[in-house]
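For reference, chains read A, B, C and D in written order, and residue numbers begin at 1 within each chain.
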Amino acid sequence: MGVSIVPTLKVLKPVGMIVGVGFVGLLVGYFANAAFFPGTTPVQPIEFSHTIHAGDYEIPCLYCHTEARRSPSAGVPSVNKCMGCHAIVATDSPLVREVARHYENAEPIPWIKVHDLPDFVHFPHNRHVAAGLECQECHGPVETMDRVTRMAPNEMGQCLTCHRDMEVEHGIDCLTCHK
Amino acid sequence: MQRRHEDIKFADVNNDIVRSLVETGPRYYVTLAIAVLITLACFFFPWFYQLYYGIGAAGMNHPTVWGTYLASFIFWIGLSHSGTLLSCVLHITNSEWRKAMYRSAEAMTLFSLMVAAMMVMVHVGRPWFIHWALPYPNQMELWPNFRSPLMFDVMAITTYLTGSSIFIYMGSIPDFAAVRDRTTGWRHHMYVLLSLGWRGTDTEWHRLGWAYTFLAVLIIPLAVSVHSIVSWDFAMSIVPSLHQTIFAPYFVVGAIYSGTAGIVTVMFVLRKYMNFEHYITKVHFDNLGKLLLALSLIWTYINVVEVFTGWYSNDSAELESLRYKLFGFYAPLYWEMILFCAVAPLLLISKRFRTSFVPMLILSIAINIGMYTERFLIVGTSLSRQYLPDSWGVYVPSLVELSILVGSIAMFCTLFLVFVKIFPSVSIYEVKETLPAPDEGKTQWQATH
Amino acid sequence: MSLIDDFLARWHEYRRPGYYEEFDYHWTMTVDLDRCTGCEACVTACQAENNTPIVGEDAIARGRHMQWMRVERYWEGEYPDVKLRAIPMFCQHCDAAPCETVCPVSATYHNQDGLNAQIYNRCIGTRSCAVYCPYEVRYFNYNNHHWDEPLDQQLNPDVSVREKGVMEKCTFCIQRIRQAKDAAKDDGRRRVQDGEVQPACVQTCPTEALVFGDRKDPDSAVSLMLGNERAYTVLEELNTDPSVVYLKKVDADAA
Amino acid sequence: MPNIDRRSFLTLVGAGGVGAGAGFMLSESRKHPVEHLVPYPVPPEEFSPGIATWYNSVCSMCSAGCGISVRTREGRAKKIEGNPAHPVSQGRLCALGQSGLQALYNPDRITGPLVRAGRRGELEFDPATWEESLAELANQLELMRTAGRGGGVALLTGGVRGHLASLLELFMSWLGSDQLLHYDFNHPATLYAANERFFGESELPYYDIENSRYVLSFGADFIGHWLSPVHHGLGFGRSRQARDGIRARFVQIEPRMSLTGAAADEWIAANPGTEGILALGIARRIVDQGGYQGADLDAWRAALDGYAAESVAEQTGVAADTVARLADSFAETQPGLAIGGGATGNHSNGVDALVAVNALNHLVGNIGVEGGVIFNPPPAFGPTASRQAGLSRMLELAEDARAGRIEMLIVSNTNPVFNLPEAAGFAEALADIPQIVSLSTFLDETTAQADLVLPSHTYLESWGDDAPSPGVGFRVGAVSQPVVEPLYDTRATGDIVLELAHRMGLDLAFPWPNMEEYLKYSWREVWSSGTPDPAIPDFDTFWTSVVRAGVWGDETRAPGGEFAPDAGVVDGIGVGAPEFAGAEGEFPYALHPYLSNGLHDGRGANLPWMQELPDALTGVVYGSWIELNPVTAEELGLSEGDVVAIESPAGSIEAPVLVYPAIMPGVVAMPIGQGHEQYGRYAHEHGVNPIDVLAAQTEPGTGALAWAATRVRLVPTGGRVDLVKVGGDSRELGREIVQIADAGTPAAAGAPTVASATDAGAAVGIDVPAVGAEAAMANTRLNSIPITVVNT
């Protein structure tokens, strides 16, 4: 008498389907956003191509990002530095003319950050460069990117894995990175 | 007019209890609505404000970083104690009088544990990261700190909550089946799922009985350990007057004490408003009264020991802490606690008192007020007077805290009100066991064995 | 029996936390109370260096000041023979720190440099560390703090600004220690030399009452101070083994 | 595939859509916000993002003139520390000095020129441009100058020193005005006068606390705020625990225990205003005991005749045997040092009292010796004539104003409306001045009365220099350079003055385009005055090095030798009974105002760090209070938080009571600094200003405000407030928190003198041996890339 579960399941079916479809929708929406609008490849105010500079012409990273060698912050080159070459190189390119305009007006170019560590992280570029780390280890093959994409997640696990593999002295102590 | 307990027929039991589930008067809905409203307005609204503003919405300050949230936490954990623990103890000692009240007592355990867990969420500064207190593998390669008494707490409470849930659920399966067979519509479907296909065969009864006793034996040490562990949150610190070996038994006794008083309150309410007059009788109140009296004496003894230890230490920090508790800013609260928890329960010596319902209700509520005060004093007085006198301070709860305290009681009531409409709040089959069997004048329990 | 004897003999050892048998550095600070005047220059230095918030009058009235360094004042005697005893109080970086055992998420722990670390990101705000700390030097962010513009331009970029619900305390200016270590490595040295790193309070103390350094270096200034017969630790009976050592105040008129 | 009807299908599609939308939003919310990286178009030389740059400069928060090093990151000032190369601060800095950053980044700064729109004091201003304002002002000034009415311009500034003072002097002389006044509440005018009378020169000597073994201080809170607190603090520390086996003894004589009193070995409460008498009592005992054997012994005997122990004891309230004990130990312990100042100097008998203190130093031979009073050579630069105005000079100005002789008042970074007693009537006199121009950084009470506000830079944005006074026994000059770009549309005071001069057509007299050039020009003289150094071949190198180091010095000390006061001086020694405003019967308590540690004379009140810095002795923040001895409080039935009205002959204010264990029963004390009506959000509406109830009482010799010479009565109002303070119980309860060693404990031999974390270059011309320069340099490599020139 009424012990069987089957009638109950029949009653529950429509509700179950709605919940199930909704959940699948949630997953699809979440990953669709992550896949199609990752936000890891922002459009820069001037379409600077690393493929040309770092790839084709093999300009070393540290030539422009000089500060990475001596400062915790790698920084981006100043317009002044761009004009160091572009005063004579490719002066008729529309992009270079745009850079020149910034230079003449003494206007900085508002580059968009691609690799952005949170403010509570102490990441000294100079120490990592001195340790012989290739820029590509964290930044990916930038020399092949027309538009720079954040390849690595830049999350704590990545730091820890590397610090452990490289046997960094006290590398997994929290205070090594957290400030 | 009142039916005597012996006169109740098995069918009456079924009908009475199913009626309590199915027939719902407007009074119930009004009560539920009020409880839900108070929960929302006094618990969730201030809590959301606190989430937005920060713990600063509460009255905590520099020396007294813990406040009523933690006091409430201990209070609710304490209240949880008499339910399942008492039920287990009475079950294995075969106390017949337990059977009419244990279901609601166990429900109390469950809900006060839930409310206690909510108090943890309210208490911590960043509840959105509370999952870090659980051990799970993660990319940060971090585990919780297993040396922390708070970590023990998380484990103990989770275990106790799980154990209690299983215990109450298991005991309810035959009743779910009984209700399933007497209801229709969505209730029927719900009880189909809840009763797990119970048919009432001998094998099923046998296994249930065995498993139930087994769990009861398992839960007793667990319950004792839970409140001991809660006490370690305090006793393992080096705060003067908290760093004491007596704290574990102190907390356990206090917990059972306040829990028993809580059962008295709940039973009064059930008896009055669910029309269970003939199931919950003077016998129950008499027995619980005796238990309360014994507990109050033990509790008083431990308090005397605590005061004596402080005085005998002759240590400046301990003495000051003691002096402050007895005569300082919070002294009125201390003496109120003594009055409610040590002096007033002496009335229980009188049998007439024990068997009078309203006085018992008043006393039970007074005891729980006193016990809440005790928890508040443990947090408040000790933290206000620590080692460095220049860092002494005074803590006064804020409106948000008081509101959340009221709201937590309302939340408990809400949960309980929902419970009585889903679970048979008096155990159908075990009450039947206490009744004379239709044949041979044996109880059903005896008949099935 | 010998087993029990052995156990009792090593009791003290057993109850030590024992994260690190051997510290790499053992940062220590000494406070010469005979030099300290209680002028509180250290308090402001700390506040400027470590982005400790401006909490406002109401918050202080409610006992929620946030200065990591405070000067405690104790009066002794009655007029006219009244004396003030001032003592700077800040995180003692105990080697057997009660706060470290209680944190359920290990947001505070002892690191290999003898520092009592507080990782703000990990903190969930149970505040139990502040309860367990007998020195009352842990400060809780009861709310998010605000710097009226442009006061926020002063904030030190090397130190996180803490959000609501997080415990914070003196770090011995970990950002300066870290910088000195990086500089030492840049120079191809393995170790930081004595005097290369000064927390803000030590750096500014007008009476030079505070001395900071590595206790493991026997020639460091701080080791020299530790050898002084006036050295003591506050609340020694609690066995917390602090890394902040005070030098007794001298009472010239005491017998 | 089961049959799905249309309705179910739509329901399912809806569910899926809602789910997908929620998932999309969830993913969106987890993304990083867009952040920009904005590099310089052309970066400054040696600028590096992520690396701090240190600039050396001079602190202007009080008149001590400490050298500072300012840490900047990405063009913003982050931290101020003492300049280790500067001999005054030697790498250290007080709380107020470090808060200079909050003056720079104060949210209540004036952001551009303002012209008064409403009535005076109503704070209705219209924004203006520099061009217009300066043109009009210059025009006005030029008209007055050519019409010979230049004398109608008065220029009132704070404690200005160095070449800015010379520039102002020059400017005023070109205007033909004599009304150049410096008003600084804390200026020790009486000390100058006493030194002039006793030593024959109106200069501050160098108090060599560091090498002293006995410091007897009469009312001077030299660790708290008096003259040069940071340097005194260094001396205090080193005299106590840096010498093998030697520990100096500090005795502090004052009615209310100050920070210095609390740090001292012995605190003695003498009746207010009688400290000078006590000094003479001690002197008498020294002379009587044969401690002085000078040629003019008889003159001394005669002068000290009236100061026998008993009568001194009666007047001062200090027991006769205590006087004898102090005298004997002071004479015995060499070298020793007697210092007078604070309330002692600002009483009706202030100058006499300070002369008596000087006499003490002379009697035991502590003048011109190491560990005693050392004469400073004349300052390296700056005007010689003192323009410091006391109360009587300010009253004269007010009188001139009332008489219509002042046509224009220019006020620069001083706040007389706040810092003068209401009884002086200065604020009312302002109403009679047709034109008031304020060159203030903040909208303070005086600026609120201005018709034209030309906001000035803070010291961290401007060029300047300073010859600290008191020096350190030799000549020191320091250059103050801008450490950040100006935040707002403000200008440096010096630049405003130069600009005005140019617009007035005085280009020939003021040939310098700006303050920086003026300083460079002026420092040529300093360069040629110093000892030639082969490493510094030309002026440009010299200038670069000085700016880089922040300090220059010439270690040539003033000639020492025997000192003997003139005969007439000795005859004139004597301290009269203090005179109070208010009769003792009617006003039973002597009011002892004191400068608070953080707020100073009120200038620190707009700095939130200083407001939140617990008072060093009471722990109070954000408020005013009145300190009562426990006995007094009990007599009046008052306890902490009871509000009383403090009524003096000059006025009345209300403040809560604080029971303070270390104050004389007949004295009540109040901190100065709170009670601002203007001065920004952090200052206003906190506490009361005790200066308001002070009588306009002057020290007769100097005309300085005798701020310690007012009596008050206390009238309970029945109100109660909770004093906001940090700290709980002030008794230790035998817990041995602050442990005490007995006197037999040897001093910490070789206690370290610790280097600063910063050092942007060694000082020029001097060597500051105290600083472990080697250690400092090591850290420099990381932190400091000295940049000598910043565009202003």
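Convention: a residue touches a chain if its C-beta (ideal position, glycine included) is under 8 Å from a C-beta of that chain, and two chains touch if they have at least 3 such contacts.
Nothing here was measured: the structure is a model prediction, and the numbers come from that model.
Q: Counting C-beta pairs in contact, which two chains come out on top?
A: Greatest number of C-beta pairs in contact occurs for C-D.
Q: So, what's the distance in Å between the C-alpha centres of subunit D and subunit B?
A: Between these chains, centre-to-centre, one finds 63 Å.
Q: For subunit A versus subunit C, what separation do you get between their C-alpha means, in angstrom?
A: Roughly 38 Å separates the two chain centres.
Q: For subunit A and subunit D, let me know how many angstrom lie between their CA-based centres, rounded off.
A: Computed value for the inter-centroid distance: 51 Å.
Q: In angstrom, rounded to a whole number, how far apart do the mean CA points of subunit C and subunit D lie?
A: For subunit C versus subunit D, the centre distance works out to 30 Å.
Q: Where in subunit C do residues touch two or more of the other chains?
A: 65, 72-74, 109, 122, 157, 182, 186, 235
Q: Give the residues of subunit A that touch two or more other chains, as numbers and ranges in rising order.
A: In subunit A, nothing touches at least two other chains.
Q: Got the subunit D residues that touch at least 2 other chains?
A: 727, 730-732, 735, 737
Q: Name the shape of the chain contact graph, picking from line, ring, star, complete and other.
A: complete
Q: Show which residues of subunit A lie in contact with subunit C when the two form their complex.
A: Those in contact with subunit C are residues 119-120, 122, 124, 126-127, 130, 170, 173-176, 178-179.
Q: Okay, in this complex, where on subunit C does subunit D touch?
A: 32-41, 43-45, 47-49, 54-55, 57, 60-61, 65, 67, 70-80, 82-87, 148-157, 176, 179-180, 182-183, 186-187, 193-198, 200, 202-209, 211-212, 221, 224-225, 228-230, 232, 234-235, 246-255
Q: Could you please specify the touching residues of subunit B with respect to subunit C in the complex?
A: 53-57, 59-66, 123-127, 129-130, 132-133, 142-145, 147-151, 154, 233, 236-239, 383, 386-391, 393-395
Q: Give every residue of subunit B touching subunit A within the complex, in rising order.
A: Residues 139-141, 177, 180-181, 186, 188-189, 192-193, 197-199.
Q: Mind listing the subunit B positions that touch subunit D in their complex?
A: 63, 316-317, 320, 387-393
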